[in-house]
Each structure stands twice: as C-alpha cells, then as structure tokens.
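Before anything else, here is the set of structures, which you'll find just below.
Both complexes below contain chain A, partnered by chain B and then by chain C.
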Partner chain A sequence: MSVSSNKRQALLPGETGRVAGLLSAFILLLAVLPILTMIVMSFSGAANLDFPPSSYSLQWYRAAWHTFVSPDASDVLSLGQAMGTSLLVACLTMIFATLIAVPAAYALTRCEFRGKAVALQLMSLPLVFPMVVLGLALLLVFDSLPFQMTTSRLVIAHVILALPFVVKNCTAAMLGIGSEVEEAARMLGATPRRAIVDVVVPLMKSGILAGMLLAFIVSFNEFTVTYFLYTIDVMTVPIWMYSRTVSSLDPTVFSFAVLIVLIDFVLIWALEKLVGEGGVSF
Partner chain B sequence: MEHQALTHPQSVAPMRSRRSLSPTARAWFFLSPSMLFLGVLIAASLLVLRMSVGTKGAEWSGFSLASYGQLLEPYYLKSLLLTLRLALISAVIAVLLAIPVAYTMSRLASPLLRRVFLAAVLLPLLVNLLLQSYGWLVILGPAGMLNQALIGLGLIKRPIMLLYNQNGVLMGLVQTAFPLAVLPIASAMRGVARSYEEAAATLGASRFQVFRQVVLPMSLPGIITGATLVFAYNASSFVVPLLLGGRRVPMLAVMVHDQIAPLMNWPAASAAGVVLIVTTLLIMTLSEYFTGRRRRMLEASQ
Partner chain C sequence: MTGLILENVEKHYGTACAVRDVNLHLPEGKLVCFLGPSGCGKTTLLRMIAGLESLSGGEIRLDGEDIGHTPAHLRNFGMVFQSLALFPHMTVGENIAYPLKLRGVGKAEQQARVVELLELIQLQAMIDRPVAKLSGGQRQRVAIARAIAARPKILLLDEPLSALDAKLRESMQVEIRQLQQRLNITTILVTHDQREAMTMADIVVVLGEHRVQQVGTPIEIYRHPANEFVADFIGSGNIFPATTLGNGRVGLPGGDTLEVPASHSVIVGEKIKLLVRPEDLQLSSPQATAGNRLLGKVTFVRDIGATVETTVECSGVSFTALNTPCQGMDLGIGQAVSVTIPAQACRLLSA
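Up next is the complex of A and B:
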C-alpha cells in the first residue's frame, strides 16, 4: 500500500498486495461483526430485534441506567452487586496470578532443571483443558469441602484460567532481559534475591503489566466456568446478564454489553501499547 | 550498603552461595505457588475420573462402567459425532480464513494498522462469548442482517432458518475461535525471513508461487498448531451451542451441563467430561508430534 505513491512500481517480495490486504480486512470485519451489530442495536429506537433498526434512540441506555440505579424487585441480585463481584474477582485474580506467575517465569527462563518439559506442559494445560470439565471438576471439589466458599472459589478458578497468559507474558519479558544483567548485579554484591527483586523484576515491568491486564480481561469476561460455580448471591456480570436474558433477549442488555466491550477495548488497546504490536504472547 | 557486601564476601561468587539449593529444587521452589493452583486442576480432573465410574446415588463408593455404556447409546453417540464433526469443520474454515489475515498481519509496515489488526483479532477472543452470541442472535434471526442481505441479493425468497440449527452454531464456532488460528499462524509467518521470499522471486517465482511454495510450507507448524487449538477449543465449546443452538444442537459440553443441572446425574456428566478431556489431549499430542517432526525437518534443511 505504501509503495503505490511511487510510480507504478511492482510490489517487492514479502509485501502484501492490495487484494490480500482488502481480503484480510474483510475477514476481520466479519470476525468483529457480532460485536459491531450489538453496538448498533443498543442505539435502536424499535422494540424488536430487526436489523438494521427502523429508528435510533437512546431509550435502551435510559432503561439500562434505570435498572442500574433502581433494580427491579424481580431481579435476584442488582447489577451493582454483580459489577462489584466482577471487579473484586478480576482484581484478586490479577494480583494472585501475577504474584505466582513471576517466580514461575523466572524458573522457566533462568533455570535448567529436571522436569522442565513437564512444567512447561503443565503451564499451558489450562489453555486447552475443556472449560466445561474444569467447571464440573471444581464444582465437585468445592462441594465436597466441609466449608463454604463463594467468592474465593471464583477467584481460584479464574487464577487457573489466567495463569498461562500471565506466565507466557512474563516469560517473554524475562527472555528479553538477558542473564548478564542479573550476573552483573550479583558481581556487585547483590544477593540472588536482591538481584531478582531490584533488578530483574523492574526491568520486566511492561511484560508483567501486560500479563496483569490479560488476567483482568480473562476474569472479567469469563462465563463458562463461572456458570458452574456461581451461587445465588454471588454472581458476576456475565452470569447476571445470562440470568436476565435466559427467557427473552431484551435490548437493555445491549447497552450493558456496549459498556463491557468498551472496557475490554480500552484494556486491549492499553495492552498493545504496553508490549508493542505483536508482543502479546499466548 | 557497601560494607554489607564486604561482610558477606561469599555472596560475591556467583552460583555458589552458602546455603545453595540444587538448581532443580530451587526451580521447583519458584514454581510451587503456580503448581499449587495447577494441582487443584489436576486433583479436580482425577475426581472427575473417579466420579465417572461411580453410580448414581453412591457417587464415591460405587463402581460401574454404566455411565460409559450410556455414552454408546445412539443419542449420546450422535452428540459425540456431531461435536467432532463441527469442531473439525470449524477448524478447517477458521484456518482457511486465518491464512490471508495472518500473512497480511505478519507483513504490515504501519504500526497503527498493526495495532488495529491485532485489536480486531483479540476482541473476538477476549470479549465475553455471551455478548458475541447475542450479536449472532441479531445477525442470524429471521429478520436479521444475513437473511435481509440474502433476500436483497435475490438469492432466497423467504427468510431461512439459521438459528437453532447446525449452520448457525458453525458460524458462531468459526468466529469465536478464529483468533486462535490467526495468532500462531501469524507468529510462524513472521518467522519466515523475507530473504527466502526474495530468493524465490529472484529465481522467477510469481507472487502466488512464492506464497504457495515458500511461505506456506515454512509456516506449516503454526498452521497445524492453529488448527489444533481451534479444534480443541470448539470440541468443548459451551456458550455458542447453548445460545445459538438452543437445545437442538446438543454438543458434548452442553450435555455435560444438562446432566448436572436438571438431571443431577454426576457420573454421566463426568463420563462425558472424561471423553472431552481424552479427545482434547489426544488431538494435542498428535499435533505436537507432527509439528515437532516438521520443525526438526525444517531445522535440518536450513
């Protein structure tokens, strides 16, 4: 695309042509189409789900705001409470996942040890493990415990789900530092622990932050496992939305959805800025 | 601070501090907090395995293979086959769509465009599947966008049913798992140095030939990884068949949940869950084997 300003110069090998670029843009448009549709629908002035809407208005936003400030008596739980739970669980997930992922990433990049291959495989297990089975399995575990866990069992589940993302990002950040920095600190008299805490960890700050953001996003958007583990008085926003729309889809949900997508988009954009394009590891 | 270093001269020598653990013990010490959480996951899956051979009513003490036998009944067998078929088709379609996108992404020069592309790839992966399914409900409904487009193009006379059948579910599966195909393929293609493409072009290959005979074979490990991820992800997909399929497209994950929520049949749910785990692990191992072999071949040829 950038070469087209020159005279009719042929594309160099390794540059994508206009056709491939347009095709990719079209496919990506299809990939985000459900999200875009939802955003358009939230501004609908009609009461049905026809697309495109026959008129546009902010009526669903008003209705959504009304739901938020004065919850119906029919709802078991208000959106405010669900939002509070979601944010609490997401923040705790972010903190715990990061605290346990940083030392793990250190071991995986800096140490040669027996069982490393096994450890690496285990770390990516939650990525491919069927979510429904994870939900079922954790439900079995938590139900057989003699004491009640409500919010904490959601946090444990979300930490397991977010762990691979955080470890991958921290590992990538640590690989970029090089062990000579740490060795230099050790030469200058720092203990191994100080070399890690004062030198290595600050240097990999952006990778850690990226992992934290991803952990937050994963937890904030998680539905399947939470669906198995929620209790009637502790539910997250996605569960709240599902319980509200299980019988019929009412368009106020689209306004909530737009809010969530907006939060996600800001976080993703921040994530990309932090680690540079192509730097997010999965 | 300085005299502290002097009073502990032994810490100056790297790798040989006084109370040094063996490297293996030290590494596992660092890994132990994460392993605690992963241990919960493993213990939980073992419980599922135990539960799957239990009997209803005496889940922890009984032993029978009845739940697995039940999976061989036509209804369940059909669900298993349906799950595998939809996962396979969605993996093929997702990879075919992902290849041009990944190639474009790996060769984009403008930083802004790269960020926009990456955001468009990450959104479907990270945004709550429930919300995306709501979007699909609007697109696929009888008066939805797709039906209107098809009528507008004169391809159909009356709205066709897209919701609550396999077509709708398949579209949802492809879209939600699409990023899992793009990301590994893009990273594999970024690894193919431009000099190979230039060499091929110098030798007279057309642009398409360069792509078809150089870039594509060299990024095959990424393509296999992408296909595997999509397959595994969709084989256990829950939200998409639940919302877009109603109860008419009973994929395995939906059955697992149905066995618990209305039926309270824990052994049956666990047996179906074990089948899901085994399927996933099998496909991952196979893919690992093929990509490993392919990678070694590529390395040997360079």
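Up next is the complex of A and C:
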C-alpha cells in the first residue's frame, strides 16, 4: 500500500490528462470558429460587417428569402437556379464517380496488372494537384473542343475531384472482403459476374454509400475549379455566392452559408448513420 | 470408370512447382483425405479439382468426362472453405438457398430444401438468423448445408475444422463423417492433421514435397508407410539407419542385430531405414541381450499423465517407447533397461 499513489494517480493508457483535454478543446474551437462567426454574423442587425454585430435581427434571412423567391434585377441568376444546378451536378458527379470507382476498386484489390502502382498514384493526383492549375487546364481543354459543354463540363471536373475519395472508400471496403466468399459463390454456381453482383457489391455497400455521399459533398462545395468552368447561365451555389460578394460584400451570403452548412451537416450525419463508426475515410 | 480421376496433374507458378505429376482415382461415395504438411500443394490440388485454379498439365475426369477446363460454376461441386466463406449479408436460410436460387429452383421448393437441410444439421430454429449471430460449430454446419444444398457431385472440404477448438473439432469430425456416409457423397478433405485423416477417411493420400507419397487406407498408411517421408509424417516413429544382413536380419549402428519380417527380400549389405512405432516397444527390467531384446539406458522420460514416453539409448540409436502409466516401471534417467522390439513391428524403408 502506498499513500502517495492516492495523491497523484498515474494516467493509464487511454485516459486523458487536463493539458491534453484543454489542447483538444482549443483545436476544436479553432475548427468551428469560422462557422460560429458566420452564424453570428447571419443574425446581425447592422448594415455593415462589424464583428461582433452591434444588434441582432433576422433581416438578412428575410433578404435571403426574398432573393430566393424573386431575384432582383442585378442578379443574372436566382439562387434557386444556382441551387438547381448545384444539386444536378452533385447528383451526376455522385453517380458517375461511383460507377467508375466500384470497378476500379475491384480491379485495384483483386487483380494484378502492370502499372498498378502507377494507377494508384494517379488516382490520388487530384488531391495534391493545385486546384487553380487544374481549373485552368480543364478550361483550356474544354474550350478547344469543337462543341459547347455547360453543365456536363462541371460534372466531368467534379468527377475528377471526387474520384480519389470514392475509390479510397470503395477500396477500403474491398480489402475487407476475402476472395473466398467470391469463390464460394462461384462454387455454388454463380458466374464470376454474378458472384460480384450478389456477394461483393452488397458487402461493399457501406464503402460505396460513404463514397457516394463524399462525392456529393465534394461536388456541392467545390469552388476553385468550378470558378474556371462556369458559364454565365450555369453556375453553382458557391460561385453564385461569391459573385454576390465581389462587388459589395452583402451579409445575405452569411444566411445562405448557414443554410449550406446545415445541408452539409445533414449529409455528414447521414454518412455516419449509414456507414457506422470507422467506415469512412476522407 | 466412374469416380474422379486425376491424370498427370501438374501446377506450376512460373518456375516454381506446386503440384507434380499427380495420378489418383477417387472412387464414388468415398471420403478421400489429402494429408500433408503445410506447403505441400494439397490445397492447390483441391482448388484445381474445384476449378478455382487452372491446370498447368494433365487431366481431371469425372465419370469419364474431361472437366479439367470447365469453369468452377459449371462443375456442380460443393466446397467448404477454410474461412467457411458464409455470406455475412444473408441469413442462414438465404445462404443455404443461394445455390438453389442460382439454379432457378422455385421459391416453395427452395424453402422445402432449406428446411430439410436445417433438419439434417439440427439448426431448424436458426433459419432467419444472420450468420454473424451463430457459434463456430453452427457456422460450420451451415457452410456444409450450403455446400450440399444443390446436391453436388463431389464435396470438397478445405481444412474446414481448423478454426474450431480441439473438442468441437473432434465432434465435428464424427458428425461430418456420419453425414458423408448417410448421403453417400464423394468427398475430398484437405487436412494437415493426421488424427483427423485417420478418423474420417476411407482413403488417405499423403502429399509431400509437391507430389503424392502414398495412397492407402488409414491403417495401411500407418502400418505400412511406403517411404521415410510417410513414416515420419504419420504418427511418431523411431526411424534409424540399419544395414541388411540377409536371412531376415538387420544390423544396427551399435553392432547388435535384429530379426525383421522375412517378407522383406532385400539385398545383403544395403543401407536402409528401420521404423518401429513407439507403442510396439516393450520395456522390461535389464536382462542380457538376446533375440530382439536389447540392453539400453534411459536418457529421458516424458510423463504426460495419460501416457509415458521413455527414451532409451541402445546399440547407438535412440528409441522412444510409449506406455500407459500402469505399464510403466518408474524408470529414472540413467537407469539400465531392456527393450524388446517385436520382429513383426519392424518396417524396412529404403533409405
């Protein structure tokens, strides 16, 4: 029996000390600070951008709602139209990225082929490639084409950006599936393709869903590359919001931003619910 | 000829050889066991029979028909994998019904077959359970039921019991054997556990160093091993060098001679190996060397409760004798003892 052990108990692995706790709280605060600022600002009652606001009101929400239903003449596009484009592009990105990523993940885990390492590296290239350069490069490519693309070129760009996330999640899911279950299906009479559809894809389900939602979120929030590729009549919500702030900073965008953050939160919450803990890799 | 016939079956990976020149005839309705140490090619051979691995050479024929290049899903063989490979996203019933669904069997008929199989494996109540909720032994049974659901021509078992604990394994061995005999289905079992092979098999195929070493009934393999590899792999044995002297006698390194079964017609002066099973050796209080009785000294005693293993050194070689404790003589290390080696217990193996 030692008396001193009662005074100051040594930490066991997995227990958090006070310093570590404070540090974590500080870092978390840093992470949510922009969002908190934005939420506070959206309730501002003043007409300027002083922080903290001198008074509080719902005026910017009212203004936002007004813009949403009846855009003023200065806007080329209403937020409703931009929202429509954003959702369409995000959904198409999600579908195409998944259709590419699932077979890719299967091939990258099951098959041995020449240049597999190179293929893996290329897959994650969009993550490290400078966005501005990528946007510019895509613009040059699309402009050199003999035909006009509007929404479709946004979808193509977003698929490129979302693909690493989707492939990564699908590959992680594939790694957890032993080749024996697939072989078992074949022994039971399934053609190789049927075995993939009946056994591999259902077992990849959580990874695929995680990838799909990530693709949606990546596309929905994308700004830099989209900035190079949008046209005057086809723009996404982030571009629309930016266009409202270039000439004169309009606090309405804060109330829009709150809305968008809410949508993102719901999507991420859905992701966690669908996949469960530890299923998603960003 | 009916049954499964393997002719000159080979498997190479690049320059490495996994299975070399296998010729086997597996009769209908028998349980054949591929027994061998890990890495001997037994699983590769099974996978070639299953159609999951291509043949590098040779032929596989089933009832006269060449099936060597038929894809796995068209062979109609049932297989139980080492990991069992149950489908975790399906219930017990769905797992068992899967091969029937693939064959376009009607819903009602599927259901009837599933119920019949669950009765057979005594898991009627588990039909709607997800497979993750089953115990190891139950999962094992479901895997077997799924493998035989579509009435396969051959059942292949790839070390299916290796994940179970020792007690459950022993009872599953008996259960699988009884099921196999009841269904009278040709079965191939791959194992590295010779006790499992002895318990279950009609025919044991001993594989070693990528080739077939011996084919025979479990007792033949144990009593009459074809070579030193089999003698060494199956059971524990005293194997030591000897020289043939003719007239049914062999000389030991220490100069003593032993009488061996006369049926072994061997050239005089040939170097051979002699096998004596530990349970055939008899220990007695020291007496003069005479006949097949040698005088030796105890060098080690391993008393593990149920049996006592006594290592005795005599005539330049080490013998291990296996006795039950009540036969034991309470020997200590260094004590003198006489070892009797019955002539009919000696097996001569070419060196």
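Simple rule for what comes next: the second predicted complex is superposed on the first by the 266 of 282 C-alpha atoms of A that agree within 3 Å, B and C clash if a C-alpha of one lies under 4 Å from a C-alpha of the other, contacts with A are read in each partner's own complex, and residues count from 1 in each chain.
Here, a residue touches a chain if its C-beta (ideal position, glycine included) is under 8 Å from a C-beta of that chain, and two chains touch if they have at least 3 such contacts.
Bear in mind the structure is a predicted one, so any value in this text is a computation, not a measurement.
Look at A:Thr191: by the touch rule set out above, it reaches both chain B and chain C.
Measured by the number of chain A residues touched, the leading partner among chain B and chain C is B. When the two structures are aligned on the shared chain, A:Glu180 is found in touch with chain C, with no touch to chain B.
With both structures placed on the common chain, the touch criterion links A:Gly17 to chain B but leaves chain C unconnected.
In the superposed model, A:Pro202 lies in contact with chain C only, and not with chain B.
Contacts of A:Gly80 after superposition: neither chain B nor chain C is touched. In the superposition on chain A, A:Asn221 makes contact with chain B only, not with chain C. Annotation: chain A residues 183, 186-189, 191-192 touch chain B in one complex and chain C in the other. The touching residues of chain C, counted against chain A in their complex, run 50, 52, 71-74, 76-79, 81-83, 85-89, 98-99, 102-103, 146-147, 149-150, 156. Those residues of chain B whose C-beta lies close enough to touch chain A in the complex are 4-5, 8, 11-12, 14, 17, 23-24, 26-28, 30-31, 33-38, 40-41, 43-45, 47-48, 51, 97, 100-101, 103-105, 107-111, 114-115, 117-124, 126-139, 141, 143-145, 148, 175, 178-179, 183-184, 186-187, 190, 194, 197-198, 200-201, 207, 210, 229, 232-233, 235-236, 238-239, 253, 256-257, 260, 266, 269-270, 273-274, 276-277, 280, 284.
Interface of chain A with chain B (complex): residues 2, 11-17, 20-21, 23-24, 27-38, 41, 48-52, 99-101, 103-104, 106-108, 111-116, 119, 122-123, 125-126, 128-134, 136-141, 144, 156, 159-160, 163, 167, 183, 186-189, 191-192, 217-218, 221-224, 227-228, 238, 241-242, 245, 249, 253-254, 257, 260-261, 264-265, 268-269, 271-273, 277-278, 280, 282. Chain A makes touch with chain C in their complex at residues 178, 180-181, 183-192, 194-195, 198-199, 202-203, 205.
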